[in-house]
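Some notes on the structure that comes next.
Residue numbering begins at 1 within each chain, and the chains themselves are lettered A, B, C and D in the order written.
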Amino acid sequence: MEIEIATIGGYEEVGRQMTAVRAGDDIVIFDMGLNLSKVLIHDNIRTEGMHSLDLIDMDAIPDDRVMSDLEGDVQAIVPTHGHLDHIGAISKLAHRYDAPIVATPFTLELVRDELDDEQKFGSDNDLIEMEAGETMSIGDSDEIDLEFVNVTHSIIQAINPVLHTPEGAVVYGLDKRMDHTPVIGDPIDMERFREIGREGVLCYIEDCTNANKKGRTPSESVAREHLRDVLYSMEDYDGGIVATTFSSHIARVKSLIEFARDIDRQPILLGRSMEGYSGTAKRLDVDFPSDVEMVGYRQSIEQTLGRIMNEGKENFLPVVTGHQGEPRAMLTRMARGETPYELDEGDKVVFSARVIPEPTNEGQRYQAEKLLGMQGARIYDDIHVSGHLCQEGHYEMLDALQPENIIPAHQNMSGFSGYVDLASSQGYTLGRDLHTTRNGNIIELV
Amino acid sequence: MEIEIATIGGYEEVGRQMTAVRAGDDIVIFDMGLNLSKVLIHDNIRTEGMHSLDLIDMDAIPDDRVMSDLEGDVQAIVPTHGHLDHIGAISKLAHRYDAPIVATPFTLELVRDELDDEQKFGSDNDLIEMEAGETMSIGDSDEIDLEFVNVTHSIIQAINPVLHTPEGAVVYGLDKRMDHTPVIGDPIDMERFREIGREGVLCYIEDCTNANKKGRTPSESVAREHLRDVLYSMEDYDGGIVATTFSSHIARVKSLIEFARDIDRQPILLGRSMEGYSGTAKRLDVDFPSDVEMVGYRQSIEQTLGRIMNEGKENFLPVVTGHQGEPRAMLTRMARGETPYELDEGDKVVFSARVIPEPTNEGQRYQAEKLLGMQGARIYDDIHVSGHLCQEGHYEMLDALQPENIIPAHQNMSGFSGYVDLASSQGYTLGRDLHTTRNGNIIELV
Amino acid sequence: MEIEIATIGGYEEVGRQMTAVRAGDDIVIFDMGLNLSKVLIHDNIRTEGMHSLDLIDMDAIPDDRVMSDLEGDVQAIVPTHGHLDHIGAISKLAHRYDAPIVATPFTLELVRDELDDEQKFGSDNDLIEMEAGETMSIGDSDEIDLEFVNVTHSIIQAINPVLHTPEGAVVYGLDKRMDHTPVIGDPIDMERFREIGREGVLCYIEDCTNANKKGRTPSESVAREHLRDVLYSMEDYDGGIVATTFSSHIARVKSLIEFARDIDRQPILLGRSMEGYSGTAKRLDVDFPSDVEMVGYRQSIEQTLGRIMNEGKENFLPVVTGHQGEPRAMLTRMARGETPYELDEGDKVVFSARVIPEPTNEGQRYQAEKLLGMQGARIYDDIHVSGHLCQEGHYEMLDALQPENIIPAHQNMSGFSGYVDLASSQGYTLGRDLHTTRNGNIIELV
Amino acid sequence: MEIEIATIGGYEEVGRQMTAVRAGDDIVIFDMGLNLSKVLIHDNIRTEGMHSLDLIDMDAIPDDRVMSDLEGDVQAIVPTHGHLDHIGAISKLAHRYDAPIVATPFTLELVRDELDDEQKFGSDNDLIEMEAGETMSIGDSDEIDLEFVNVTHSIIQAINPVLHTPEGAVVYGLDKRMDHTPVIGDPIDMERFREIGREGVLCYIEDCTNANKKGRTPSESVAREHLRDVLYSMEDYDGGIVATTFSSHIARVKSLIEFARDIDRQPILLGRSMEGYSGTAKRLDVDFPSDVEMVGYRQSIEQTLGRIMNEGKENFLPVVTGHQGEPRAMLTRMARGETPYELDEGDKVVFSARVIPEPTNEGQRYQAEKLLGMQGARIYDDIHVSGHLCQEGHYEMLDALQPENIIPAHQNMSGFSGYVDLASSQGYTLGRDLHTTRNGNIIELV
């Protein structure tokens, strides 16, 4: 059976991931993501009403026109987890394919929100839930199966999809860290990966985000311990404490909520995206505090902040957006004194996030911290662990899967370099079984 | 009563700390340390046989000749903890003063070792044990007391000595982090610091090592959780694992021992300084595994490594010296293949330490890692937390103590700058109540 | 005679310089500058109509209230050169003093422009021209003289004022590099400095901007050679070339004009500040091309750019504002496609400037370059030399002046550190004859 | 005619360059270099007596065993310039091929020295001189010519060899910058490159050393102007001045000699490699001061330094080895006080070189500077320009040559990334006509 991999997006950058695997006549698409920075560099652009071709021209979503070179039928569109760089183009591209969208419940719910917000295109793709550990048959041949292997990432219910073919498995390994003690959900299923490795892996597509970083990405339990240490150290403080983190990072938000309560403060989640992700988590009945207050609309937020000021800042811990210093996010507006929440000398601001290392973010975050400092706030930053494998995780994955072919992804050439060095040291050869590639390429494996 | 502070050493560098406080006719000396880098830059120097004046000329030990300008009697020499930059010059300088050396038991034991190794000078100073929380009277006036307040640092039994005078307390605040969950010993005694603050603090001498770093230094429990995550992730590995850390870091060594056992490996401490510090900890009956094997002599080490190879590397976890890539340390010798312990492809090396950020160390560590990599070793580095306060710890200390005067220490001018900014933002004024100073100065407070 | 130095502004930052020297009953003020970054961090602030007290509260201009502690009469206000951090607060503060403003012709012309733009305050201070090398008498005592010693900086007609008193000279050494081959004007007058050194220097106030940088700041002739090399390398290019630099850097603008002509392109200076500084240079008849076209008003600029497009980009070299990527500057607007000038694939953009190393600038400049790149532009950056002494320049100045006292300025504590190390190595002692200080302090020298 | 490129060495690193081009039955080898860092990481290794296979195992010289897969006869071995990473393996590998070594006179002389020093192997390859601009016929087919195009680099007489085949030219573009005003020799022959481009280029192999650096590499004339500025600034200094630079950098050594004389000092070149390269330059009658004193042997150097001390340091400018702080180089030995030359407070040390950015070098250089500082020396560093193209040079080369295929070289994957981005933006496609490769690969072009 012929096996081809179309590396459509996310092979020259982090963002707008999209990969198609053809096995015989059947095609499965993994991820359809958005590169948000390509949108934000332009002033005043709203993507909801834009046409896909314009977004393709901006390099904001994958250029899926290469799909016409793949001969077969798309049988499934599989977003691997709910981050925008993996689901953010579904509303612009999925409607072109007569295929269901298959994902874990949390991811699927976020996809549904994306489709609801879309104004230009209508999609009638079926939405099919599948849990980690489950398998579904692909196409009519009875030879191809799609399996979801549980992985751990900075968002819950992330999976690595595996396409089982007669020629061996194709493992789409994007976006995970090797976490044996995640705060929500099961540990990464290394046992299953090793089993698949023994069965035979034709191709492994790997997330190279951190491939130039030494060592092992720590577990979320390490970030949780760090965060606990920080918040407990503030137990005696009787002024304002504000925290910010990635809205989609449900496990971190959960830790913030729990530690807030441990130090006798009421956590309140503030901001549209905070309410969006956490509200979804709550509805889906994951291991998340169901009784936490969330406020999404601007006007309600203002009222809530007013209430906090009235009842005493010392009784609350607002969890807000703005961890990158985004100019219009809640925390930055607080820093500019544009909200009812007043920061006083000595108030604490906790960034449970790392600055994404790019000068634009660094500049904005610097400004936000300066403004917070002008109000007297004290900054606790960098309380975080990455969601992506570092070199020793990659080493262990290769050891477990022993793939015949490797395709590095989720980076540019410079980002791939550490992975190429690693794979070369493990006996792979560039251009033979180690395929650095680019957007829009098709790799014939069989 | 006249109060003067002589800032003898460690006010233009990290290393060779020494400070004298005169209260009326009585003088107490805090620390007598060594700046090891000033020794190592010369080839082939052994300090044991050197004269203090030569070491002073090399800027390796404090120039205590300023002591002759202080009118009074030295009543005590108080090393605050067992690091060399605080006790390493005692064997060269203490014999000049007719005063006892007062320290916690673990620190005192290390001082005793220093005195035993000394070849040039003989010392007959009394050695007096005093525990954290205890107080002794100084001089004959009945007005001056010396108290040890428990603090937390990267070595056990660290204290901050406080000299209570009729004019208020002088708090010597060097070398601590604010740890509420240290792995060995009690948390930092913030309650006592706040009490002393309410009683009145004339002067606070503060450790500025990390004063330019934002946020809060994490607890040792965070490093422990990180280390646990790393070692547990290796549970299934059936080859060699080697770990290195600061020999004096008893709590870290303890964690290494415990996690080694958790993953079914026998920990063995190897190297003269490993045996020195851990042996002392064992003898003093601190909360440390008493049954761990330690080997200090070169020949025994070779034999032990041979035994490890014979019985199977997969059953052991050697804890060795060499975390900075020092050319003659155990780990570097292993990396060069100069020991019986053979590294194989895939073997793990765990650096539970951070590279001290100075080009010499960085170059040596880089070489060591290159050599380890040439043997196939996989590197896990930076599993560590600092032992020194960052900015928010400094903020909290000022809040607790509310001192009348502040003297930044344990850095150079550039290192002081973050502290000066912080103190200025809290209402202190450079040159009035915030005294940046230099080695060899005397500050008259009353 | 009593000599006091009031260190009013610019002793904790780069920006808002102001220093007063009292010699007996007479006071001379050196510089009254603006810290622009303190203004820009707020949205939508225009300083022209603001009150000085509000600007003081923002830390934007010097807090000159300490002047009331100096007993004497202000006899002169002496801006040393035309940069905003030295003259930008004159329009807000000078009117409070009954004293003339004394400066070199070019500086004085820029001061006049500042006073003309001011909307809140009216000033009737006399404006007195004095050239480098000249001296004027201060006060009625016949004992005090003010001399201008020629120095070299990144703006023309910079001087170091020297106040000669019976107690020795006070040399205000801000903002210079040691340039023996400046492109416009005379070399730095080291001979005079050495002479003054032999006569006796009571105090030297020094510009520490680059005091942590090793080596010697290169001459403007080195930047000129670098710029020549870059522009000549484009001689055969037949598309657009655009250059940007500091508007106030007359020597650099001159080089750009000359090399543009050498490669057969017509230089045109575009932008209000470009026209402002260069127009002033032209009027004052300095060694500057008198026949270059300058366009300052927005509408005329648009027309000029349209004309350039019509007549062929390959015939022109527009010199524009925007070297820091400022969002509203000409170059950034070109990069966004908001002007008639269209960039094509391969067009060259020359940044004859360095990014001021602060995250905000770095983020904006990064954005500007990204946008230029999206238009196909090729970037040549960092063609520049600093206007400030590095360590070896400081070493030479100390050697020449042999001052009794030194006051580091034009930096914060961290920035002073390299200078303190240098001065200490030359025998000065912190707190005795080496005075690190802060804004608002008064140092009594005699 | 079949055309193949064997990328033998230097495609995963900087160092040990070797490439073979097969055109029909004829093969030409470009470069046979040494990666010195792979030797130095081991203690006490001397390569002169070592076997090639051992050096291959150490990754120190190219693994030329892939040559057996190329069907044809080696007709020439062409070292492109005299740096060790291009000629350092000739003595170990050339004897295996029955082919002449063809190079420019200066390069050939250095090759001759390498062969003379070799102790393990004997070589009887013919040595053939060919000047830039000349062409020779390759093989018997009358269809293939080898041309030397003049380029500019940090060593004199560098060329880019071009193999003219019926299928188009193969341009071996390693190691050049685009210098229109080199200090010795002719400018880069861009006219010829453009001509070759018009005739048709099948393949361009390019030096990616600086491919991640923006802008244009400055001309040697810029470094010369910088150096002039530095040395002239010391004209009045009446103590010792010492300079160091790359021994092989004849143009820089020439500038040092000339400026030394301009400031009335006698230049003396000291050290074996200084004498080696400069002596060769002198013998070959290039544009180099023929009357400069050079001393190579250790004992003579000691005597010369003694003479300098006797006659007065202020009359000399020793030019010595040690620009990277190498532990046994002249300058480091001076810094340790191991030579008769005594450094005094204020003496100047000029590093006309940049630290090669690798932690080992950085550590050694840091040590050397520390030791120099302890003797009172003042440091002037970084007076240098790179010998390699930056991005805009690469852009111009692509514009001139318009090659059908591109092979990035002289870097690892991370180093290639900037070049891949550039080439992609110019319409090349990775894997199609843009070939990132590895050591030991063969690329079939026709």
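Going forward, contacts are C-beta pairs under 8 Å (C-beta built on N, C-alpha and C of every residue); 3 or more make two chains touch, one makes a residue touch a chain.
Because the structure is predicted, anything quoted here is derived from the model rather than measured.
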| item | value |
| --- | --- |
| Type of subunit A:subunit B copy interface by residue overlap (half), same or different | same |
| When subunit C is superposed on subunit D by its C-alpha atoms, the rotation angle in degrees, nearest 5 | 180 |
| Distance between chain centroids, defined by C-alpha means - subunit A, subunit B (Å) | 41 |
| Distance between the centres, which are taken as Cα means, of subunit D and subunit A, whole angstrom | 46 |
| Residue list for subunit A, restricted to those that touch at least two other chains | none |
| Contact footprint of subunit B on subunit A as seen in their complex | 178, 180-181, 214-216, 218-219, 221-222, 225-226, 229-230, 232-233, 346, 378-383, 391-392, 395-396, 399 |
| Footprint of subunit B on subunit D - complex, ascending | 41, 43, 336, 358-367, 370-371, 374 |
| Footprint of subunit C on subunit B - complex, ascending | 12, 212, 412-414, 416-418, 420-421, 424, 429-431, 436-438, 441 |
